[in-house]
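Presented sequentially are two complexes of chain A, the first with chain B as partner and the second with chain C.
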Partner chain A sequence: MSRFMIGRRGTAVLAGVTTAALALSACGVASTSSGGSAGELTLWTHNAGNPAELGVVNQIVADYNASQSKYTVKLQAFPQESYNDAVVAAATAKKLPCVLDADAPTVPNWAYAGYLTPLDLPQDLVSKQLKSTLGNYQGKLYSIGMYDAALGLFARKSALEAAGVRIATVDNPWTAQEFADALAKIKADGKYQYAFDLGTGDSGTEWWTYGYSPFLQSFGGDLIDRNGYKTAGGVLNGDAALKWATWFQGLVKNGYTPAKSSTDAFADFVNGKSAMVWSGIWHSGNLSKLGADGIVMPPPDFGNGPKIGGGSWQWAVSSTCGEKAAAMDYITFSLNKKYLAEMAEKQNVIPATEEAAAMVDGWQPGGAKRFFLDESAKYATIRPPTPGYPFLTTTFAKAAQDIIAGGDPKKILDQAVSDIDADLKANNHYGF
Partner chain B sequence: MATITTTRDGVPRAASQPTRGRPGRGFGTIGGYLGRTILALFFAFPIIFMFVSSLKPDDQIFADLSSLRAFLPVGDISMDNYKDVFDTVPAWRFLANSIGISVLTVVLGILVNSLAAFALSRMRWRGRGFVLAAIIATLVVPFETFALPLLWWANKLPWLVMQNGQPMWTFGWLDSYQVQIIPFIANAFSIYLYYSYFSTIPKGLDEAARIDGASWFRIYRSIVMPLSGPATATVAILTFLPAWNQFLWPLMAVQSENLRPVMVGVQYFFQLDVAWGAMMAYASLITIPVLALFLSFQRAFIGSIASSGVKG
Partner chain C sequence: MPALVLLVVFFFVPVLLGFVLSLTNARLTSPQGPQFVGLDNFTRLFSDPLFWKSLRNTVYFGAVVVPLQSGFALVLALLINARIRGINVYRTVYFLPVVTSIVVVSILWTFMYQRDGLVNHMLQAVSFNLIQGTDWLNNPSTAMPAIIVMSIWQAVGFHMVIWLAGLQTIPGDLYEAAELDGASTWQRFKYVTWPGLRATRSFILVTITIAALSLFAQIKIMTNGGPLDSTSTVVFQSVRAGYEQQQTAYASAISLVFFVLVLTVSLVQRFLLRDKD
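Coming up: the complex of A and B.
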């Protein structure tokens, strides 16, 4: 029909568009590559919104850029909660930066996926680091951290004294029985709504694994059989795991801990709602609000020694980086003890080396903050270094949530093992 | 046959359609108003809590949670959290980005989607039914399922830039404003909404205009669109909200901080030691434009929803 025929005016428009398209096609092509343009090293970090840590990284980048003229490091900061998603999306688009930081347990997965390249750093530098700051996978070093974090049993000294229980120390932690007695006595005292807040209000998967799997390990269980990394059977649903699950659920059943904590269990602890709270070094600054009444202790020993999770954020180099030597050079530069010390001071984290610890007030032997370094050195357990960790952590978190909610521990753990083993099988045991 | 008239709010209505009378006596009673007030407060509580908490320190927010104080600006009130917001997040930049992205998406969306709906609703052409069905079918596909393919494509698409005074093609839209706008201009729901609304406007108006020599575009511009104010208001709001609330896509497609929208900024506060007061202050800041938009368009919005029977 005539109304759909192209008239003279339409022909002119079409001709104009075609000419423009042809003219544009004659334009050159600008190229970009992963990791930045020539002479530029892109660096991604997870600490947008965290001025303390970001400030130190910014300082290191500025110092490095001033120290040489061949490369310019360009920093891009992302918020921690969405950092992993941004990295995976960038990997999909082949737009990974040269240098990036990674949360320790995700490193094997990213190495297995081909995102990361092994680090080639001076051995004398690596050997000084705390073991938990090294991200090894299949015998190769893929990441290295400036610090580590640690968990602790934060408590009110007055509550323990009123209950007549002793204060645990790194060298003399509570036994399972002592912990049980402490909970019962504090509850009987009736001063606090809860004797112990586990912090179950955090719905983030990793907290459930980072926070609670060390208890499982202390009972003698684990997320996966580390002898081969081919099954979770026996370790996540064996007798020890069942004992852990029963104890874990009992904390709620006995009224010691809320089934679902508020969104900020530490604030509740400070406000006097609970006598003890399970939390991390990142809250040690808030502990000072309680003055001398605020103390921190190691976790109890449930039979296999006290355990806490090891491994925090660490630096890595992407496999697509066009300037790997420069990236290694930057990481070496950033691990200078003065930066490790500055990070420990500003961010309130465990310095990665003793040399750095000696430079910061409170971290020297006998210092006020030394507890976390000693605890970490003695009790930190690296989360399973397997590419299957993302599935492990999701599955464990779901199982732990179901147990807390009152489900049958044996059924829940058997199901978790079945799911994990199916994932391992579907992925050829991730190369193990 | 019923005569079509246009009401003051622009909604076409059959002349024989009875107008709504005064509310019944029951609704006028004190009980009715009391019920509505309680309902209104119930829905307003989260927003009141957000604004009030934005003025309190973190510890007080949690201490007040178990009482009505949580909804009252009492205790240690200050604007410190708002100061912290600007220390933590480039809030003005994020707000400007979101306003620009959302407004452009809305304006271009209204143009493109109304034109598409006009072609589907008013013009007769082969395959029209199939195209409409295909567009509606896309409504059942959640964004998450095609986010990665879209990312892959966005990374391949060409874009013209000027380098050293010369036009150059670059490939890949990632880390740009256009990647946050262009993929969301065409919207099946908006097309369907316009299509439904256009269908209520008598075609006799088109025919009369055609007889007078008006082009299709003239009919669209001078007759159909001016009569579709409520639909446009609805589309504007329903396009603005998801554009303003974009989180997953900018997280995947944008790396530079200076290009990020407001929702990504929320995550800046989710540190291990969460700054709840500052987060509430930031949430209050980014809620104000949305509230202002809704309040400006609420009459037309409700009118369009009521007339088209569409649930937003």
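Coming up: the complex of A and C.
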């Protein structure tokens, strides 16, 4: 009896790991042309759970199919949580669709793995786009986005006024000192439980990297040395990074931010639990609940300029696509300013071009939502475009969580660097 | 014959693949095929502080859960092995958590363990605000004990039922005889019940041990291994390395070590519980 039990349970884990291996070994099997039958292009998207975005994509597909008779695009939507797994599984089985969307930081990984083919789009179309909507890897364009997202320091104007601190703007952001003063004064006022909620309630990996690595970059550190992409040493555990970690941990130690925010930190902010919250454009709709008291500001400049994360979901073409020209044609069609504008309007995202911004209320220069476009154009920093990103982001997120939990910053960062460098070495630096 | 096919596909092939992969640098997504790297993964693993911490946490969890859960389950089984009206209601209540998905249980308890959650409110109520409680899952010294308590609560009903089945195989006339001989309750337990549960005991020990060592779901949902790695376990580390970090080979190495660990523990238990006559 017990022997049977050992075998069954012990291999449960092995089985999980080796399923992936079995899939890998299927690489060698010749397969038929994928991505749909002749004249048919399959398109995969991550937004099954987001009716607004899916609606726009559906509209584009319908319009494209009506606009010509040679090709039919067939859309398949996935829930975001399982989308990347579906793509990796399909790629190992050589069953990728022709057109697919990808989260910006995973693009280099998929390009390196040979899933994607470089995009061949009209130059004048590409040059109009916001820089952070372009997924470049090794000097080639692999993906292009219809929109970008942006982070912001959401605040109550009344709280800042009561504390006697000025309101920061894109052109005139707070310095590190001004931010520190603001926190101390708001806390001293005692009106809010927390002066500044970092939004640490999300235990998912990507928010930690997307949300908090820009602070690290503003201090002058980074996840990896972008000069060659061969080591994280010096940038993730250097003086700048240590300063960042100490500051980051200090937010909790000084009682400015909760070590673990509730699952909806923005709701807490709206309900008056916190005076400021670190969040993104996706909450700009909820900000209006505060009326004129709700404002959004860029992050402080910690020495290396204010930074926010750049790069959201972008479109790409698979390397196994049999109709690459048609796929490129579809993407060109989808980047029409009309669709970019519609996406921005329905989704609360930054339109990828000025032309599109001019078409949507609030996005024109001086408009109510314009802040995010200006902020993004000026301060967006894309996450390191390296195939090693999945390892970088999980390692950084864990380090940031450990720092918030009160661990020794130096030890944590040194360990993160040693883990990242070991991974880089094991992968021959991912071809860099 | 079909059994053999299943055994080969789901047992021998995975074990063999896991073994082979752990000696390579295989990745989840990579343009390069796996290359043989010898024992590199194992040298890396044994110098990885996270692995030792995960191993310690796993052993800690097992060492607490195995005796507590089996003991508690036995107490419950003895309590509900009575012929009183409505006993089935109690049996059902104790068994309910077992039929609830561990994922659901974990999510609910995550809310209960929050700083302003149910657990702290109850502590305040019964102690007249003397005990304030902590943010259980975000405090490195309470996260693992909190998960231990929840895990025992969730799984204890299952082992209670097995103990109960064992109790009901003990013939009633043995108890009658013991009573006639003037044996006390404790003596009846020690000389009739305990020896009668011999087979049940080994089964429970082995199943709880294996289940405890493969702790994963609660960790993944409630703490993600944190805070400060205080709840990282070997299986959790392996899944994280293999999927999130795409290190297929490294994860295989961890799994292989885990396999050896479980095998050793189970063999030792078998040896200790063997029929001595």
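In the analysis below, the second predicted complex is superposed on the first by the 399 of 432 C-alpha atoms of A that agree within 3 Å, B and C clash if a C-alpha of one lies under 4 Å from a C-alpha of the other, contacts with A are read in each partner's own complex, and residues count from 1 in each chain.
As a working rule, contacts are C-beta pairs under 8 Å (C-beta built on N, C-alpha and C of every residue); 3 or more make two chains touch, one makes a residue touch a chain.
The shown structure was predicted, so the numbers you read here are calculated from the model rather than taken from an experiment.
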Using the superposition on chain A described above, determine whether A:406 touches chain B (first), chain C (second), both, or neither.
second
So, does A:286 touch the first partner chain B, the second partner chain C, both, or neither?
first
Does the superposition put A:109 against chain B (first), chain C (second), both, or neither?
second
Based on the superposed arrangement, let me know which partner A:390 touches: chain B (first), chain C (second), both, or neither?
second
Just to be sure I read the superposition right, which of the two partners does A:62 touch: chain B = first, chain C = second, or both, or neither?
neither
What is the contact status of A:167 with respect to chain B (first) and chain C (second): first, second, both, or neither?
neither
Residues of chain A at both interfaces, chain B in one complex, chain C in the other:
3, 24
Would you pull the chain A residues touching chain C in the complex into a rising list?
1-3, 5-7, 9-18, 20-22, 24, 88, 91, 109-110, 112-115, 203, 205, 259-260, 390-391, 394-395, 398, 401-402, 405-407, 415, 422-423, 426-428
Quick check on the complex: what are the chain B residues that touch chain A?
58-59, 61-63, 65, 87-89, 125, 148, 151-152, 155, 160-161, 163, 166-172, 174-175, 216, 248, 251-253, 255-257, 264-265, 267-274, 276
Listed in rising order, the residues of chain C that touch chain A in the complex are 10-11, 13-15, 17-18, 21, 25-32, 34, 40, 44, 49, 115, 135, 138, 140, 202-203, 206-207, 210-211, 214, 224-229, 235, 238-240, 242-248, 251-252, 255-256, 258-259, 262-263, 266, 269-270
Name, in rising order, each residue of chain A that touches chain B in their complex.
3-4, 24, 27-30, 32, 44, 48-51, 76-82, 85-86, 89-90, 92-95, 149, 262-264, 266-268, 270-271, 280, 282-283, 285-286, 289
